[in-house]
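Naming follows writing order (A, B, C, D and E), and every chain is counted from residue 1.
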Amino acid sequence: MNELIYTVAFYIFAAITVAAAFGVVTKSNLVHSALLLALCFIGVSGLYVLLQADFLAAVQILIYNGAIAIVFVLGTMLTRRSSRHGTNDTEVNIPSRVVTLVSGLFVVVTLGVIATTPWHYSSGVIVEDTPSLLAQLILTDYMVVMEAAAVLLLAAMIGAIVLAKGVEE
Amino acid sequence: MNIALLTSEIAVVILALLIIVFDLLMPRQEARRSLGYFAVCGLLGILVYTFNQHGASATVYHGFFVVDKFALFFKQLFIVATILTLLFSFDYIEGLTHNTGEFYALLLLSLVGMMVMASANDLLTVFVGLELMTIIFYILVGFDLRSSKSSEAGTKYLILGSAASAVLLYGMSWVYGFTGSIVLSEIAAHITASPAMLLGLGLMLAGFCFKMSIVPFHMWAPDVYEGAPIPVTAMLAMASKAAGVAVLLRVFLVAFADLQAYWLTIVSLLAGLSMIVGIIVAIWQTNTKRMLAYSSIAQAGYILSGLLAADAAGVKGMLFYAVLYMVANVGAFAVTTAVNNQYGSDKIDDLSGLSQKSPFLAVVMTVSLLSMAGLPPMAGFVGKMYIFMAITDKGYFWIAMLGLVMSMVSVYYYMLVVKVMYSKEAKNQQEFTASVSLRIVALISLIATLFIGIYPGPLAELANAAARSLW
Amino acid sequence: MFNQYALSHAALIPLLPAMSFIIVGFFLRRLPILAATVSVCMSLISFALSLGVGYGVIANNITVDNPLIQRIPWLSISGLTVDMGVYIDPISAMMLVIVTLVALMVQIYSIGYMRGDAGFGRFFAYLSLFASAMLGLVIAVNFVQLFVFWELVGLCSYLLIGYYFHKISAREAAKKAFITTRIGDFGLLVGILFLQILFGTLDFQQLASNVPLYVAEHGTNLLTIVALLLFLGPIGKSGQFPLHVWLPDAMEGPTPVSALIHAATMVVAGVYLVARAFFLFSVLPNAMEVIAWIGAFTACFAASIAFTQRDIKRILAYSTVSQLGYMMLALGVGSVTASMFHLMTHAFFKALMFLAAGAVLHGLPNKNDIFEMGGLRHKMPVTFAAMTIGVLAISGIPPFAGFFSKDEILLAVSQVSMPLYTIAVVTSFMTAFYMARLLIVVFCGSEKPDNQPHEAPMSMRIPLVVLGVLAVIGGYIPYANHFGDWVRFGSASHEGLHWGIAATSTVLSILAISLAWYIYGSGKVSPDKLSRRFSTLYKLSFHKYYIDEFYLWLNHTFVDGLGKILYWLELHFVEGIVNGIAGLPVGLGDLVRKSQTGKLQRYGLIMFGAMLILVVWLVLLSPLFKGVLSGGDY
Amino acid sequence: MIGLVHFLTVAAIVFAIGLYGVLSKRTIVGILMSIELMLNAVNINLIAFSRFITPEVLTGQIFAIFTITVAAAEVAVGMAMIFRVYYDRNTVHAARLDEMRW
Amino acid sequence: MVDFPLLTTILLTPIWGILVLSFMPREADKTIKMISAVTMAIALGLTLYAYWAYDVSLGGLQYIENVPWITELGVSYALGVDGISLPLLLLTMLVGFSTIFVSWNVEKRSKEFFIQLLLLVVGAIGTFVSQDLFIFLLFYELGIIPSYIMVVVWGSSERVSKEYAAMKLTIYLLLGSAFMLAGVIALYVNAFPAGMRTFSMQVLAQAHMMGNLSEDVQVFTFFLLLLGFGSTLSMWPFYSWAPDGYAAAPTGVSMLHAGVLKKIGGYGLIRIGLLILPLGVKFWAPFIAFFAVVNVLYAAFVTIAQKDLKYIVGYSSISHMGYILIGFAALNVISIDGAIANMFAHGIMSALFFAMIGLVYDKTNTRQVLSLGGLAHQMPRVATGFMLAGMSSLGLPGLAGFIPEFTTFVGAFKVYPLHTLLAISGIVFTALYILRVLANVLFGPRRAEFDTCRDASGVELVSLVLLGTVLVVVGVFPQLLMGMVNSGMEPVMALLVKLHVTPTLLGGVFQ
């Protein structure tokens, strides 16, 4: 029973994720894309829950939906008047069958790999209290990475400011 | 937990932060050159300090971060590259932007990224270090706010770089998934030639090749090099590429060594392709930076080919080559900067009559270019010999052959530049000025190129020690 | 005493003129009198030494079987040693005397002839160099030395023919001489190389002892080829058919040069070479036959051309060719004695005639055509006398020098081959005819009104007299003194005159002279009419059988043509390939860079495409993947 | 039974869709979104592996956290860059960015 | 005396010259020239001393210096000369010294010019004195780039533009050297197992003896070297850089290239090819012999069709290289002696030729044979130089060209009779074109338009006198050269004996 729910939930979330993702790339209206992207993120966070990564699911919602998707929507709005002058769609875009071919082939290969690889499943116990373990790990083993990431965020912030501020002054 | 091993990285971060602070404290109108000197002095201090770390080969944090001769070699390379780049670009940067302080700070932070990469001993550190460096470079590439080329270059780099990062990351996830670990040595222990492993390996190789601008993952490089401010281009060419090499070496030789049979052929093809494409396309370039970009693609091919030996000799060759390539590029970019300061553009034609206006810079340019082409007695020749001897030993003679032939073809377009400098008349009779620091950098590059070419012993020993510490 | 000194210091004979060359050439070029003095003095000493050598040869009983040889190493490397040295036997001693004598005479003569010429010093320097080279050739101890000096005389010939280098004709003639003889030298060099390979030595003495052994062991086939190759050298140098074409043109040089080089000395170098290498030729009957026939043919052929020539020096040139043919013929039938004898007498009378011709030209500047001269005997008695002696000598009229030597040749030929003998006799007739023609046309008849001839100055007359005397007595005295005992190959042969042969040739010569008188002197027959009657023959002869034209055509068509074709290929094909290869990376680069469209998604496509290929490749390589695909399980 | 393979499959599909988007979206913003999709696919992979391969050490989850961090930084810089481009040329169409080529 | 580093001094003298020149003000034209001249004079003097003091009877390498350089690679700064290299070193000096004076009239940017000229010379010196392959390579390519610059800046465009010619020369030589480098790498890696590797020519020569180099390796490696050295030597079909390059180059560069740098190819074939890879040489020798003949004849015929003096000498020097090649290919002591001596003789000769052409060009502003004529009237000295060079070129005895050619033929004829025969026939064609040139340029009627041209005088005479004297002295006393060359043949002889050179084609005739 539990398993069934799990299965159903998985398929629902998977469907949401894939469908939304598909929408993101196929919709020509960017705002729609951005909203679908947010939906997709939600689907993904659902999958995280299924994978017993509650903390990640929360982070996903917070950062992706709360920040990134919003930024996208904002960005889309701000650049909406984008001039398409001089762009010739037929000339510019890569024929979609080529793109489809590449992506399709990639999926096929990956699926082949997934199917043929002998995974070394672990029979270990799943950690229950993920957030605290994560916190501990990040501040010990992964401290360098954490520091680097911090620096990265700082730099990105400075950079974003400098770039966005422009040359008006 | 030996935090002392992180000292140099932390010091650079502090330096960067100090610069930001000072930048804020300084009056708006005051020139920021003092910040540049400050950065240079700081880096010099750190450079000296890194020599202190020699001998200590240790890992910290669950083996995620390793300080060995290999890492130190690259760190010193990055620091030197940064110092030299800063020195020759003071004038340029001041003409470029008002955000000089931020520029210096970001440059230093990207240096931190590279240093982290050099020491990274697990996939996550590799990834974060790489992103730290790359993302800052996205910003720096787009830093010339007046130039639409700069923002175009930044965007291209950002989009393609992020996509490549995604690919790299996806590859890492497969490797992690199959081996159950992200630490390189543990990966090596669990590795088998399973499809997932190879998929991950392939994706990671693609990702690294992108960073190193190996054909056919090189497409971004010419546009980005051309659009970016010169010091950034220089850093991209010298340091970012070297950082790519550093992680590539560590990952492939430590983690993936057992799968050599699978990746060697591909690497040989990629290296060969890079040499060919980089050189034949460079022939057509009219922009100095773009020409150097293609040339750097070819150089990346040469460096990569050293991987084919998959032993200490090959790695030694690569490290050696990375250094001399850096030295040569410093010279070339310094001259380009000087010319750009003069004329405001980077066309090869702008070099006209340089041999008359500034014979010294003309000589530096010539020697640098020829070093890249690999002509004796310049350093490039020795570097190529090291690499090619190592790979010939392992049966990749055809690559050596191809490399030598292509390097001579490359002389063709280097000669076109030389011709412009020596036989064309200058555009105007204006006095040619170049700052002292730029001249010093050019002189250093010249002397180093010739010295390494004629007496490669010391550097080779350093590189050798660094290479051996990988095993 | 002196002859001992001369013998032991024979090396000085060529060295003295060489010294003179250096002194004159580098220091005295602008000082004509000193230049002439130095070179004449040197020649004189050389001549004296040569006489000493000649006397020493007789006194010390040095024979051809017992030569006096001095050597110093010139070149010595592993496996090859080449000496320079002095090889004195009667033959070379005779040559030394002749060469130094003629050289001396010509130099004295030149003092007058060349007076006032801008290049006076240069001229004497060249003459000295030539004398030195020729003498070096004469005393060669081995083929290399011989070849070295052989080439050097060629050079001097070139320089002296082209002495009036402002004249295009002289320049072309010099070039032609060099190149033509070079063709012969090619054969000579190859022959020498063969000898070196076959015998491991080029020394005459050693070769002479090795050749018979070789022949006994290996037969003569290869050696015959070698000998014929060697003979190519003489063909070129001694103006034998078919390489005779340069010699008449060589008359563009100053007349003393023609006398010295192209009549008396250098051109006989070929003959001398064959005589010197007779140990080789003599054992090769086939080669000998070829030599004989070439000689005979050349003699007759050149004579037939000389018939119709109008240029005084050219007539003499063809007669030289013809006489050289005689000498070759004599060698070909095995008589070194006859050949050398004729060489000597020929040197005297031919030099005499040339110098006489020079005197004529000196008296009548810028006139070469004999038919524009005429009646010169009054104004130029000495010259006339000299020329007459020369003509009589060459025609073989007793007791002049030519009679004895020619008789010797005819005798030798008659003992070997009747057809050759016939040719020789006919040639003798022709010779007498055209020489008489020359003499008559130039000196007899009436004077041309616009000519202002004058006799030559003293310095020019002395040599005429000396040589004239020699041309008279130069035959009989050697003949009487058993020339053949000394100058010989193998056993001495001295049979005396064969009266039948002597009479035949003498009678024929007199007939020929008479005929010439009848046609050209008496005025009863118009030469023009005759020439019109036999116009085809006349034209053939006058145009030298069109051989020059033929060679020119050959040269233009094949050599220049091939050059042009190859150069065309070079420009369009080789360059094309080179530029094509060079263009390959450039063109390819252009193609590749077109993929750099600037559109980032294109870049992305290429990147992802490459990534895909890479991944597919790797994954397909995986043994597991393959195992699964082929149905196995893991 | 839903297992690792299923999650990996979803991730693969999302990644491929992202890849498709990178190549086919017309504006830079769209492309950036597609890249985010790819990164999310990676995260699914990582967390799935973390769950099934190394449940006791959470490596994958930590990796995912950093991926998210980096993605955020990337987006921030990316949007700033897009504003610059838009400011410079009044367009965010990828195909218009071809001032430099060949 | 033994300890005095003579070769280093010789090598360093021009380098000091370069350093001094780089700090001279650009305007000090005369001083710059004087410094170059003095430098080269010192170097020439030292070389003459070395030549004189070399113990011929002892033979072998002398003036040896050996300082470990890059120990891990087995590179050492090893210098030394023997009978093979010493004549070539002397040649370098003689020609180098002359070029300074030939270039005396360079006014434009003279500082750069002389620095690069000296660089060219240094490169040549280095290749000839080094006994270490690595050092050899270091110097080998040193001259190429300065050549490029000099051609581009100071050259002249005639049939092709100087830019084209310079590029062709550069790329051609460099591509050749790429193959050569590949060959050297292959040699280095195969000669000894890792850890014992070395670049020392002496030690590498042992590898064959020790059986380390299989025949296949030698054949392949030598093929690569042949491509490299062959193009340096302008072996057919790798010659097409030479005529254009010489034609476009300023006189001094033409002299150095045709006279000296080209010879590095021949030197390399012997020093690196024959001594280190004998089996490879043996395998390729018949091919080389064939190419040699093509070189001689093809180039001779092409020369015949030329109208430009420099092209004539250019193609003619290609033709002459055939003699060197066939001497090399014959693989016996006499012919190799001849080949080496020929390098010397040809070097002097072609340098003199180019010097004279340079003078003519300076004075008349044309190099077209057809627009020249009768120059012997106005310029007897130049004419003398032309004559000397021309006559040496066609192998006239008494000048330097003859004995080398003769010995080459003697040696080669034994092994390749047919080839040699064809090659010898080249002397006829050589005579043809040389004499045509001499006739058309020097002789003929006086032309009024050249009456203003003054004969060579002052420094212009230096090259004429020096090179002309050498031509004559070596021609008259060939042992001066041949004795030296032959003393260097000892190691070659030992090898050749071992090789059991089997004659090919018609070679059997003589056995």
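Just so we're on the same page, a residue touches a chain if its C-beta (ideal position, glycine included) is under 8 Å from a C-beta of that chain, and two chains touch if they have at least 3 such contacts.
Chain identities (UniProt): A = NADH-quinone oxidoreductase subunit J; B = NADH-quinone oxidoreductase subunit N; C = Proton-translocating NADH-quinone oxidoreductase, chain L; D = NADH-quinone oxidoreductase subunit K; E = Proton-translocating NADH-quinone oxidoreductase, chain M.
Everything numeric in this text was worked out from a predicted model, so none of it was measured.
**Student:** Can you name the chains that touch subunit A as well as subunit D?
**Tutor:** Intersection of subunit A and subunit D contact lists gives B, C.
**Student:** What is the set of chains touching both subunit C and subunit D?
**Tutor:** Neighbours common to subunit C and subunit D are A, B.
**Student:** Taking each chain's centre as the mean of its CA atoms, which one is most distant from subunit A?
**Tutor:** Greatest centre separation from subunit A goes to chain C.
**Student:** Select the chain at the greatest separation from subunit D, using centres from the mean of Cα atoms.
**Tutor:** Relative to subunit D, the chain whose C-alpha centre sits farthest away is C.
**Student:** If you tally contacting C-beta pairs for every chain pair, which pair wins?
**Tutor:** Chain pair with the maximum contact count: A-D.
**Student:** Which chain is in the middle, if each chain's centre is the mean of its C-alpha atoms?
**Tutor:** Closest to the centre of all protein C-alpha atoms: chain E.
**Student:** How many angstrom lie between the CA centroids of subunit A and subunit B, rounded to a whole number?
**Tutor:** Centre-to-centre distance between subunit A and subunit B: 31 Å.
**Student:** Would you mind pulling out the distance in Å between where the CA atoms of subunit A average out and where those of subunit C do?
**Tutor:** The answer is 99 Å.
**Student:** Once you find the CA centre of subunit B and the CA centre of subunit E, what distance in Å lies between them?
**Tutor:** Taking the average C-alpha coordinate of subunit B and of subunit E, the gap between them is 42 Å.
**Student:** Using mean CA coordinates as chain centres, what's the gap between subunit D and subunit E in Å?
**Tutor:** Those two chain centres are 64 Å apart.
**Student:** Any chance you could list the residues of subunit D touching two or more other chains?
**Tutor:** 8, 15, 18-19, 22-24, 31-32, 48, 53-54, 62, 66, 70, 73-74, 77, 80-82, 84, 87, 89, 94-95, 97, 99-102
**Student:** Using the touch rule from the top of the page, what residues of subunit B touch 2 or more other chains?
**Tutor:** As it turns out, subunit B has residues touching two or more other chains at 124, 128, 131, 135, 138-139, 142, 145, 154-156, 159, 163, 167, 174, 177, 180, 194-195, 197-199, 222-223, 284, 409, 412.
**Student:** Two-or-more-chain contact residues of subunit A, please, as numbers and ranges.
**Tutor:** 92-94, 99, 102, 106, 109-110, 112-120, 122, 142, 145, 149, 152, 155-156, 159-160, 163, 166 - these are the residues of subunit A that touch more than one other chain.
**Student:** Can you give me every chain pair that touches, using the contact definition above?
**Tutor:** A-B, A-C, A-D, B-C, B-D, B-E, C-D, C-E
**Student:** Show me the residue ranges of subunit C that touch subunit A in the complex, using the header's touch definition.
**Tutor:** Touch residues, subunit C against subunit A: 599, 601-602, 605, 608-609, 612, 615-616, 619, 622, 624-625, 628, 634.
**Student:** Looking at the complex, which residues from subunit B come into contact with subunit D?
**Tutor:** 123-124, 127-128, 131, 135, 138-139, 142, 145, 148-149, 151-156, 158-159, 162-163, 165-167, 169-170, 172-174, 176-177, 180-182, 222-223, 226-227, 284, 290
**Student:** Where on subunit C is subunit E touching in the complex?
**Tutor:** Within the complex, subunit C touches subunit E at residues 73-80, 144, 147-149, 151-152, 155, 158, 162, 165-168, 170-172, 174-175, 178-179, 182-183, 185-186, 189-190, 193-194, 196-198, 222, 559-560, 562-564, 566-567, 570, 574-575, 578, 582.
**Student:** Given the complex with subunit D, which residues does subunit A contribute to the contact?
**Tutor:** That would be residues 3, 6-7, 10, 14, 17-18, 21-22, 24-25, 28, 30, 33-34, 37, 40-41, 44, 47-48, 50-53, 55-56, 59-60, 63-64, 67-68, 71-72, 74-76, 78-79, 81-87, 89, 91-94, 96, 99-100, 102-104, 106-107, 110-111, 114-115, 119-122, 124-127, 130, 133-134, 137-138, 142, 145, 149, 152-153, 155-157, 159-161, 163-164, 166 of subunit A.
**Student:** Going by the contact rule set out above, which residues of subunit D touch subunit B in the complex?
**Tutor:** 8, 15, 18, 22, 28, 31-32, 35, 38-39, 41-42, 45-46, 48-49, 53-54, 59-60, 62-63, 66-67, 70, 73-74, 77-78, 80-82, 84-85, 87-89, 94, 97, 99-102
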